[in-house]
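What follows is subunit A paired twice: with subunit B in the first complex and subunit C in the second.
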Partner chain A sequence: MSILGHRVLRKEDIKFLTVGGTYVDDVDLPGAAWLAYVRSPLAHARIAGIDVTRARQAPGVVDAVTAQDVGLAPSRMDADEIPEVMARPFLATGTVRFVGEPVVAVVANSLAEAVDACELVEVDYDPLVPVVDPSMALDDDVLLFPEAGTNVVTSIGEPNVEGVGEGSLFDGCEVVVRQRILNQRVAPCPLEVRASAATFGPDGRLTFYVSSQTPFTMREDLAKMLGVDEDRVRVIAPDVGGGFGAKIEPYPDELLVAWLARRLSRPVRWTETRSESMLGIGHGRGQVQYVTIGGSRDGKVAAYYLEVVQDSGAYPQIGALLPDLTKTMLTGTYDIPKAGFFSRSVVTNTTPLTAYRGAGRPEATAAIERSMDLFAAEIGMDPADVRRANLIGADRFPFTTVIGTQYDIGDYQGALDLLLEVSGYKELREEQAGRRRSAAPSQLGLGMSVYVEITNADEGTEFSSVEIRPDGKAVVKTGTSAHGQGHATAWSMVVAEKLGLSVDDVEFVQSDTDIVKSGIGTFGSRSLQSGGVATRRAATRVLEMAKDLAADMLETAPEDVVADPAGGGLQVAGVPSARKSWAELSGAATERGAPLLAEVDYEFQGATYPFGAHLAVVEVDTETGKVVLRRMVAVDDAGRILNPLLADGQIHGGLAQGVAQALLEEFRYDEDGNPLTTNLADYTFVSAAELPSFECARMETPTPKNELGAKGIGESGTIGSTPAVHNAVVDALAHLGVRHIDMPTTPERVWRAITAAAP
Partner chain B sequence: MKVRMTVNGVPYEDEVEPRLLLVQYIRGMLGLTGTNIGCDTSSCGSCTVLFGGESVKSCTLLAVQGEGAEITTIEGLALPDGRLHPVQRAFRENHGLQCGFCTPGMVMAAVSLLNENPHPSAREVREGLEGNLCRCTGYHNIVEAVLAAARSEDLS
Partner chain C sequence: MIPARFDYRRAGSVGEAVALLSEFPGAKLLAGGHSLLPLMRLRLAVPSLLIDIGPVSGLSYVRDEGDHLSVGALTRHRDLELSEVVRREAPVLSYAAGQVGDPQVRHRGTIGGSLAHGDPASDLPAVVLALDGTLVAEGPAGPREIPATDFFCGFLETAIGPDEVLTEVRLPKARGGWSFQKFNRRAQDWATVGVVAVAGDGRGTGPFRVALVNMGLTPLRAAAVEEAAAGGAGPAEAASRAAEGTEPPSDLNATAEFRRHLASVLVRRALEEAMAGERTVA
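Entry: the complex of A and B
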């Protein structure tokens, strides 16, 4: 019986539960100096002067450097869309553009001395007018980069100049609904903040420890910064305490650690504080959306248009490119005949935006799913019925949407039906009607979303190798870089299944660029369908090699060699005595000069599209505006599931983050660009107390795109849950005349909406 | 200043800076890096240890306040023969951890919670762990794990 598809406990857990993981801050680096940054207290200012004299003389201080001392060319994301002049300097150069931007790097013998010396650095700022609101950035009254002549980084599509009248997309619609929707800026908040540490060996090679999802990208950027070949750099991502997309792109303040270590000929380490992290690590979402949806009174949607203003923060990174993915997933699970999209990404004097769990797709889903509910409310139909009238049928895959995205396979109707059944939707609606009749202060709201998303969106390859060690155990080395997802267990299952080994007999290696030959990393729910498939192919090849070898040793045909049913080796089918253990095979292979090693660069066959349906049940206190999430029901289909334990874990985590965006979390600035939620006391990070236990049901529709049948599961929970919860809150108050409330639906916002809607 | 305390059954005596936090002492001077630091406002609970049997956030105390105390960190939780504590075991069996960063603090908080309330409801577990943040698990399996540990017989 195959181990795949079974609930296998994680082999990596014991360490975390007994001595804790080894994160960058735990790495022992004798003699290391500590780095701390002086950061900008202003959102927008010219730097009139910097004086580091006193800091340099402070006890224990080794160095204090400014942009001038560093003299490095700014780092720019490798994307044509991003203008050269908007590239981010390693340290602020001439101008500061957001609160928290690093200005001076101070290195000392101890962390306390480095922090103390930062206080002695004097920076003179001439304040400039800040631009905080992305909609105002569009006006170009104040420019972040005067050389660029505009705050617009990049744009997609055309504005809808025809509006909704004759000749427009909406020509002929009986009903047209429009709404401005804020998809607010949130802080990813991995529990481990950013950290890096650099040390040069006697051979002049750099070893760099960093909390990253992409060690190989990090190596590339370090080599570029130092002006050396990549083989002079070794990057190790040890245990990483969460990333959620925010640890994909290398940051200047983490890279500079290596530059300082070289300059000082001494190991240097850096771990930011949480308060620094809230400003330093990229933020997520940050879209202002304008939706228009039109159709007929029988529930058929005829046209949909989405305009987006994407906040990119002070320096454009991945955040500026999120609208591309929003556009890709524009019409969601629906067959909408006409659709349009227009986005502009703008710079503002705020922390740069980056990928955050879902990255551009949650925004697309939020827009279309809110729109479906707005449309349903307008025509007085149940939102489930409106969705059913427009879902793409299960018999229509592969399906190409009006925007040109080709979905691999799905059963959206099936997901919705299952959701309504397991949640007891009908009874919930009855309960809701009862509460409305009695005008109880606590009203019930039901909200749903039927989502589809894109995983493994980039083209390319991923690497894995499998080798049989002399002791007969296998070692898998992979280019993906797990940071909580459980790849050690999952990849070991893949190898164990192929080779007839136990999961514990497979050693798992990742995230060390000296040991793994190449790699891309872990993000965008890509790992199993890239690195996991590469691992399966490598294991398959090793098995073939071993069968040939065993056949030769046992003087039989390779076709007659099978895995020993008891495990641990190969045998001639039906002849248990004619057997070679993996250790024997490994030894023989090495002797013959052809070790049992297979290296695979797997070129994947395009993206996959997980889908599902989520229902949120909320109770809203109409007197106080307080919202309580009573139930969260999720049906998710990510193709064939390798390990349900891990898949459920991904869904749970995603659901919590999605709920958090709808109800609680928002990274806020005042109008001068001062951040208001700069630590975990002020930022309303979701806790156990605000959440229910989740009710999850699974569907498995295998994708034809890879031999595991697997799609990604890392982000689905977030993508589906945010609009479900958001819709539920509005639904609870619909009978009072409330049409829309922006996220997060805090008591204050809810209360205001109720008051404003009151006749 | 001089400070003496017992950590995981081992007596320590050290000269420390008066401003050194207990969590920094445990991590930096004792090398017990299982206890993590996740914030600077006493909000996340990553640094939770048992202090005289009760959970405290070790970033809220100075090292010198540990004078004479009996402290247990994640490294000292398993039984002397190496068997896992029921809470540790339940976290593994219920997939109560992902990246592992919140885990040591979360486990210590759960141990303390069950000491005070051996048979909590799911709601009580959620309220009891409110001060321990996790970004990965959505708390669902953490709650399952604590309830499972409460049911397990060898939780003395």
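Entry: the complex of A and C
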């Protein structure tokens, strides 16, 4: 019986639950100096002068450097869409463009001395008018980069200038509904903040420890910054305490640690504080959306248009490019005959936007799923029935949407049916009707979303190698870079299953660019279907090599050699005595100069499209506006599941973050661009106390795109849950005349919506 | 997240703490540390000296003194929550103590620290106010009593002198109807608005005392509500006067306007619950 598909416990957890992990801040670096940054207190200002004299004279201070001292060319995302003049400098140069932007780097013998010395740096700012609201940025009244001539970074598509009348997309629609929807800016809040540490060996090679999802990208950027070849740089991501997409892109303040270590000929380390992290690590979402949906009164949707203003923050990073993924997933699980999309990404005097769990797809799902509910409310149909009338049938895959996205495989109707059944939807609607009749202050709301998303969206490869060690155990080295997901267990299962070993007999290695040959990293729910498949292929290749070898040693044909059913080696089929252990095979292979090692660069066959259906049940106190999530039911289909325990972990975490966006979390600025939510108390970070026990039901529709049948599961929870909860809150108040409330649906917003709707 | 430089001394007795306070004007007392230390980490508080009164023995207790309870200033929230005496004689205090912050805060934070910090958003100051408590502060001239109604002078400002240590809280027994309505967005948060209501005669029905959390610069008594209730008004009528005399803040959780609305809803619910009579803490 195969181990795949079973709830194998996480082998990495013994360490985390006993002695704890080793994070960058735990790495022992004797003699290291500490770095702290002086950060901009203003959203937009010209730097008139910087005086580091007093800081340099402070006790324990080793160095204090400004942009002028650094003299490095700005780092720019490698994307044609992003104008060169908007590239981000390593330290603010001439102008500061967001609160929290690093201005001066101070290095001292201790962290306390570095922090104290930062207070002695004098920066003279001439305030400029800040641009905070992305919609206002479009006016170009104030430019962040005057050389660019506009605040618009990039745009996609064309505006729907025809409106909803004759000759437009919506020509012929009986009903057209329009709504402005805010998909608010959120902070990713990994529990481990950003950190890096740099040391140069006697050979002049750099070893760089960093909390990252992409060590190989980091190596590339470090080499570029230092002007050296990549083989002069070793990057190690030790245990990483969460990333959620915000640790994909290397940040200037973490890279500069290496530059300072070289300048000072001394190890340098840096760990940001939580308050710094709230401003320094990229933010997510940040879209202003305008939806138009039209169709007939029988529930059939005929046309859909989405216009997006994407907040990119002060310097364009991945965030500026997210609308491309929003467009890709525009029409969701529905067969909509006509659709249009227009987006503009703008710079504002705020923290730069980056990828955050879902990255462009949750925004698409939120828009279409809110639109389906708005449409259903307008024509007076149950939202489940409207969805059913428009879902793409299971018999139509591969399916190409009107926008040109080709979905691999799916059964959206099946997911919705299962959801309605396991949640007891009919009974819940009856309970809701009863509450409405009683006019009790606590009203019930039901909200759903039937989502599809794209995982492993980029083209390319991922690396894995499998080797049999002299002691007969296997070692897998992979280019993906797990930071909580459980890859040590999953990859070990893949190898163990192929080679007839136990999971504990597989050593797992990742995130060290000297030990792993190459790699891309972990993001976009890509890992199992890229690195996992590469691992399987490498293990398969090793097995073939071993069979050839064993056949030769046992004087039989390779096709007669099989795995020893008792484990630990190979044998001639039906002849248990004719057997070679893995240790023997490894030794023989090495002797013959052909070690049992296979290296695979797996080129994947395009993206996969996980899907599912989520239902949220909320209770809303109509007197205080407080929303309590009573139930969260999730049906998720990520293809064949390798380890349900790990998949559940991904779904649960995703649900929590998705619920948080709907109910609690929003990164806020005042009109001057001052951040208001700079700690986990003010940001109202979700906790277990705000969440019910999740109810998960699984479907498995294997993808034809890879031999594991696996799609990604890392982001589904976040993508499906946010609109489900959001819809539920509005649904609870629909009978009071409430049509829409922006997220997060705070008590005050709910109360104001009820008050405004009252006759 | 690193405090500015400060010195640290341990005080073995109240007298020693008072002497140190007199000697070092920039000093602050450290008890549970759950209000002071976060402020220091953000460098919003920069005391030159911390006087740790944790080692002072005999300041953590609950005593039944006949008509009232005496509570030592170093008694932790969790001990108040679990105390059989408090649950029997002042159930509202036990219940409210169980609503403070999160488990870590409740196991470290002290009633004295919470009162001396004087945060209008904290739960226990309003409870002590509604219970008509008396606070005991000890300075160079010995102990003195301060009625709770005179204790909270301004935002984070109390009647404790710079060289005084809060040592005890005396609370009239309140076995009658009670309610604590805490409204917040997350379980661990400070109250956006909170309301304490207790039957004033200590037994049951008598005049109701009502105090408000986070509706002004200090914890407040809702005098207009108390007056209306004493005059025979029902909960809804009395609650319509909840915001009278308040100056609620506007912040990330709520505007002043919304707080006034919440106060009226919560006062009504608190009065309804308190007027329903005696009840044990669940």
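As a working rule, the second predicted complex is superposed on the first by the 759 of 759 C-alpha atoms of A that agree within 3 Å, B and C clash if a C-alpha of one lies under 4 Å from a C-alpha of the other, contacts with A are read in each partner's own complex, and residues count from 1 in each chain.
The rule is simple: contacts are C-beta pairs under 8 Å (C-beta built on N, C-alpha and C of every residue); 3 or more make two chains touch, one makes a residue touch a chain.
Please read these numbers as outputs of a predicted model, since none were measured by experiment.
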item	value
Three-chain arrangement built on subunit A, subunit B and subunit C clash or fit	fit
Touched partner set for A:L676, first subunit B, second subunit C, both or neither	second
Vertex subunit A angle, Cα centres of subunit C and subunit B, expressed to the nearest 10 degrees	40
Subunit B versus subunit C as contact partner of A:V161, first or second or both or neither	neither
Partner chain(s) touched by A:R274 [first = subunit B, second = subunit C, both, neither]	both
Partner chain in contact with A:V115 - subunit B first, subunit C second, else both or neither	second
Residues of subunit A touched, compared between subunit B and subunit C (which is higher)	B
Contacts of A:M1 with subunit B and subunit C, given as first, second, both or neither	neither
Subunit B versus subunit C as contact partner of A:S693, first or second or both or neither	first
Which of subunit B and subunit C A:E623 touches, first, second, both or neither	second
Contacts of A:A758 with subunit B and subunit C, given as first, second, both or neither	neither
Per-pair minimum CA distance [subunit C against subunit B, superposed on A] in Å	5
On subunit A, the residue positions that both subunit B and subunit C contact, one per complex	112, 273-275, 681, 687, 689
Touching residues (chain side subunit C, partner subunit A) in the complex	1-2, 4-5, 42, 183, 185-189, 192, 252-255, 258, 261-262, 265-266
Residue ranges of subunit B touching subunit A (in the complex, touch as defined)	17, 19, 27, 33-44, 46, 74-75, 77-78, 84, 88, 91-93, 95, 97-104, 107, 122, 125-127, 129-144
Residues of subunit A defined as touching subunit C within the complex	111-112, 115-116, 273-275, 623-624, 626, 664, 668, 676-677, 681-682, 684, 686-687, 689-690, 746-748, 751-752
Contact footprint of subunit B on subunit A as seen in their complex	9-10, 12-23, 25-26, 112, 189-193, 239-242, 244, 273-275, 483-486, 645-646, 648-649, 652-657, 679-681, 685, 687-689, 691, 693-694, 717
